[in-house]
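Heads up, the next two complexes both have chain A, just with different partners, chain B and then chain C.
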Partner chain A sequence: MSLTSGEEHPSVLARWGSAAFELTANLFYAFGFFWNVLLETFHFRSRSKVGTQVLVMQILFTGVNALFIITLIAVSLGTVIIFYGNQIPTAVSTNLVYTILITVITRELGPLLTAFIVMARSGVAIATELSSMVVTHEIEAYLAIGINPISYLVVPRFLGVTLSMIALNLYFNLSGLAASYLVAQFIHPIPASEYFSQLMAQLTPNAVSLSVVKSLIFGIVISLVSSLNGFRAQQSTTEIPVIVIRAVGQGFGLLIVVNILLTLAFAG
Partner chain B sequence: MRFRIRFAQQVVGFFLLLALAILVGVIILMGLNQRWFDRGYHFTSRFETADGLTPGMPIHLRGFEIGKVSSVDLNSNNRVNVVIQIYSDYYDKIKPNSVLELDKGTFGIGGGLNLLPGRNLLPPMENGSFIPSTDTILGKNLLAQGLVDQPTSNDQLGAILAQVQTTLGNINQLLGDVNAAVEGTSSNQLTTLLAGINLTVRDLNRLLAESSQGLVPNLTAITGDLAKLSSQLRDPKGLIPKLLDPQGSIATMLNDHNQLYNQVTTILSQISQTMTQVQGVASYVNQSTPQITGVLEDTRTALHNADNVMTGLANNPLLKGGIPEQKPQHFQAPGLRDEKF
Partner chain C sequence: MSVSSACAELREVTFHTGQCLLFENLSLSLAKDRCTVLMGPAGCGKSTILKIAAGLILPQSGSVIFDQKSWEARNEEQTIAVRAKTGFVFQNAALWANKTVRQNIELPLQFHNPQFSQAQIEERVEEAARLVGLRNVWDDRPSHLSLGEQKLVSFARAIVNDPETLFLDDPTAGLDNQLKERLLAFIEEFRRQGKTVILVTQDPSVTARVADDLAIMRDGQILVVGPIHEVVQSQDPRVVEILTSVLSQAATFSQDILGLLAEGQP
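For the complex of A and B:
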């Protein structure tokens, strides 16, 4: 509803109430969307034969194609940690450097940086693709011939992004920890058996499970936020950049919040 | 078509399987390294406080990790019961008389429990046995008796603390020796020293007794002289009465009907008058300074004019060349009173 010149502006309280109402409605809509995606995911193998190929392509694009940049970042991070860790004598003598490596790479920055990369690459692509399909009435065409767009379009992307996130996070960890070993050979040579033995001694089941759980939830968040925003397009192609920007903003924000919550949840 | 697209399924399958293999491999390596499948041998111990004790902390034997702390509990006597797990590989190191020592690490980093094994060749302790800690009397006794194999530490902080502990031990021993020496219940160096001091004091007493035999006559003579002087002072016909006698020379000199006093008074009044006159002259001169300065200035001007007249006369065209032109020069050193503020 647009305001005419004669109408009064709504009060601050009314605007806040309206915003809260809209936020609540959006949240319910998002949970409903998530529930639908989960339901369709369980029936993915039986209902969507073509979806498997979409899933493969999604993993190829999100996981395999992002492997290089993920490895590069992991190597850089591992190098920095081992370099500065070796500058601190106490960290070397007390194996604190291994604890730092595990904490930074495995527990915290590994999953988060991987998620940022995936959000920036695949999240943007999914939001753009789906919103374009809405604008060009492709979604309506799917519905017209009896294909569930969530089953055919969202579930492969949901699974593809989530699986890719988990796999990329593992590659990130492997690259970061292996790179730190290679860099350590130039600074403070140490036998591989000793290095990895110490690393494995510091690596706890809690750290591994936290890393895997983070990557799993980050994958879910990225795919859902991107898909949901993609479907919010209406009629115009000019909406697509706005939707993509909104998806990226929401995605990054949610990733950071979820990261904090998961870290706190696993801290005990 | 690109390789990745043509063999997308194979590439993706390899990508996922390799990731899964990495995860499984890491878990297996972690389990082997952390001895998840080693049930090990469990022992109990007791500490005074749980400060620095946490479940899962490592147990070291000369730097090697040989086990970990399984649990830490508070018992009914408010002591801390600790259950430790020793890995199977190191079970034979747990000899009788072994002691557990808490190592809080440097600044709280790298701590753990240190196992100090018993110094004997007996078979290892049975599973579930009690290993005393250094907090317990039993553990301290084992350490004191030298039944425990203790490594020499190369930790600087530990070395300093060890030195401090040694110093405190020495001080403690010294205090014990002092006590024993004072009580006379021991025959150590301090006792010998105290006996020497006692002997010296006795010798000093004897020396003083001997020297006093020569000193006493002199003191007696001095005392006699003082008594004689005192009696003279107290004599009614002695020095003091003579000085106080009104017929004596001092009283006679002073008793002249105030003539001496009057003369002194007159001299003082004359001096006072003279001083008043000097003050008047000084005041007059001070008041007349501007006038004197003016007179001097007038005199100087008159002399200057006279000089000009004389010069004019000397330079008269009839006589010579007239009066030469001169720059007027004013008085440059006026008194402070002429200045206007």
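For the complex of A and C:
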């Protein structure tokens, strides 16, 4: 049975109206989803009798298993900054290289690159897993025994990804800054005390706050975008790659926009 | 059927997915303490009705009463309490792929009975597996099992909490005769204990064996519902056509089709 009859070609205005309506509905749905996740997060310890294991697994996958790639990128970035920083004649003498290190690693690229890695690994995994669970009716099976899928499936991922994102960002900073010191010993040896005291002088409370706030909000964005998209699957496995691609596109786009907004907000 | 004797009641329910209207203003009462079987051609909406009656999906309009209260009127705690007394076997088994067989069966117990020790949980899980005839595949993932075995695990998961109501979506599909016989015996015993079964099947031998009531569906409509011995005597040509059609898919039956359906009745 069909709800519409006959072939109809809507006008451009009707199509725009329909698209605007759909966008608005999607936005409301997304805010509703976020609100629901927040509510369930506050009740996580009391309600999710069996969700702790999922949380531990999520932290293990998102945090621990990503350490190698995070280390690689952080060390590369620290190396590159020191290498090119030392080629600027006045950089070392004017402490510019320390400003660049803190700006690039702590304030800007540290949180953003970590978020990209987490989105590419955990975001993709979450969107794929949840959409497959919808298609194979596993979500309905949770409902059938009384388990709230938001509480059991989304909240542990939300907490796991967000906590891991904050920890990974901290680890990225430590690795990048430590690697930059080690590389500096080969190019332009400096005593550790002098190097780190100069670095600490640039590490203002504003820079630390910005880094922590970015990693917190990036974690929230990644977990919500991937979960929300995962639940949008309906009935076919062919929808899964489309959903994952959409989740990654939306995730990366939102991360970039949020990064710019937070940088501007903390600039003043 | 009055509300008090109904386990689940759909009142003027309309349900559509996208542009496809499955049913409109459909009403159906499913009796308590009886086994009601929903039959009809493939794609007529039987499984959807089962899920709506079980409160797994919500209709776009109309209301669904289960155990004398609308699903929508229940808060989360009330819903969980009801879920502890119901079991659902899905058409595709719907086992959790990232869990072992044991974990699949354990989860409902762990969730509803956090006070249970691991020993109590294992005892209940093994009892449920024994009742449905599941062999020792505890540490296997569902993808390593045949569809029939997945169905058994799904059945064990549905009964592990000793439910009052069972929703069964084609529970015997993919099972060999021995396992099917074991499941049917279990359903009969379950029914004898005064519990409720709502079952979707295309298998006439299952219907003949366990049905107290029979509902015939077609194109999103309930054509007839009532005690099986009354339904199979219906003169409605659409009902006769469907019964004939369903039975013709079970090519091994040579007996009179209506007689076959009625033979399980007193």
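Basically, the second predicted complex is superposed on the first by the 260 of 268 C-alpha atoms of A that agree within 3 Å, B and C clash if a C-alpha of one lies under 4 Å from a C-alpha of the other, contacts with A are read in each partner's own complex, and residues count from 1 in each chain.
The rule we apply is simple: a residue touches a chain if its C-beta (ideal position, glycine included) is under 8 Å from a C-beta of that chain, and two chains touch if they have at least 3 such contacts.
On a predicted model such as this, the values are computed, not experimentally measured, just so you know.
Quick check on the superposed pair: does A:S197 touch chain B, chain C, both, or neither? Answer first, second, both or neither.
first
Have a look at where A:P205 lands relative to chain B and chain C in the superposition and call it first, second, both or neither.
In the superposed model, A:P205 contacts chain B only, not chain C.
Per the contact definition in the header, classify A:L170: touching chain B only (first), chain C only (second), both, or neither.
first
Count the residues of chain A touched by chain B and by chain C, then name the partner with the higher count.
Tallying touched residues of chain A, the top partner is B.
Please work out whether A:L60 is in contact with chain B alone, chain C alone, both, or neither, and reply first, second, both or neither.
In the superposition, A:L60 contacts chain B only.
Of the residues on chain A, which ones does chain B touch that chain C also touches?
none
Once bound in the complex, which stretches of chain B touch chain A?
Its residues touching chain A are 4-5, 8-9, 11-12, 15-16, 19, 22-23, 26-27, 29-30, 32-34, 65, 105-107, 109-110.
Which part of chain A faces chain B closely enough to touch in the complex?
Those in contact with chain B are residues 56-57, 59-60, 63-65, 67, 90, 93-96, 163, 166-167, 170-171, 173-174, 196-197, 200-201, 203-205, 208, 212.
In the complex formed with chain A, which residues of chain C make contact?
16-17, 19-22, 51, 54, 56-57, 76, 79-80, 82-84, 86-88, 90, 92, 94-98, 107-108, 110-112, 114, 157-158, 161, 167, 219-220
Which chain A residues qualify as touching chain C in the complex?
Residues 1-4, 49-50, 129, 132-133, 136-138, 140-148, 234 of chain A touch chain C in their complex.
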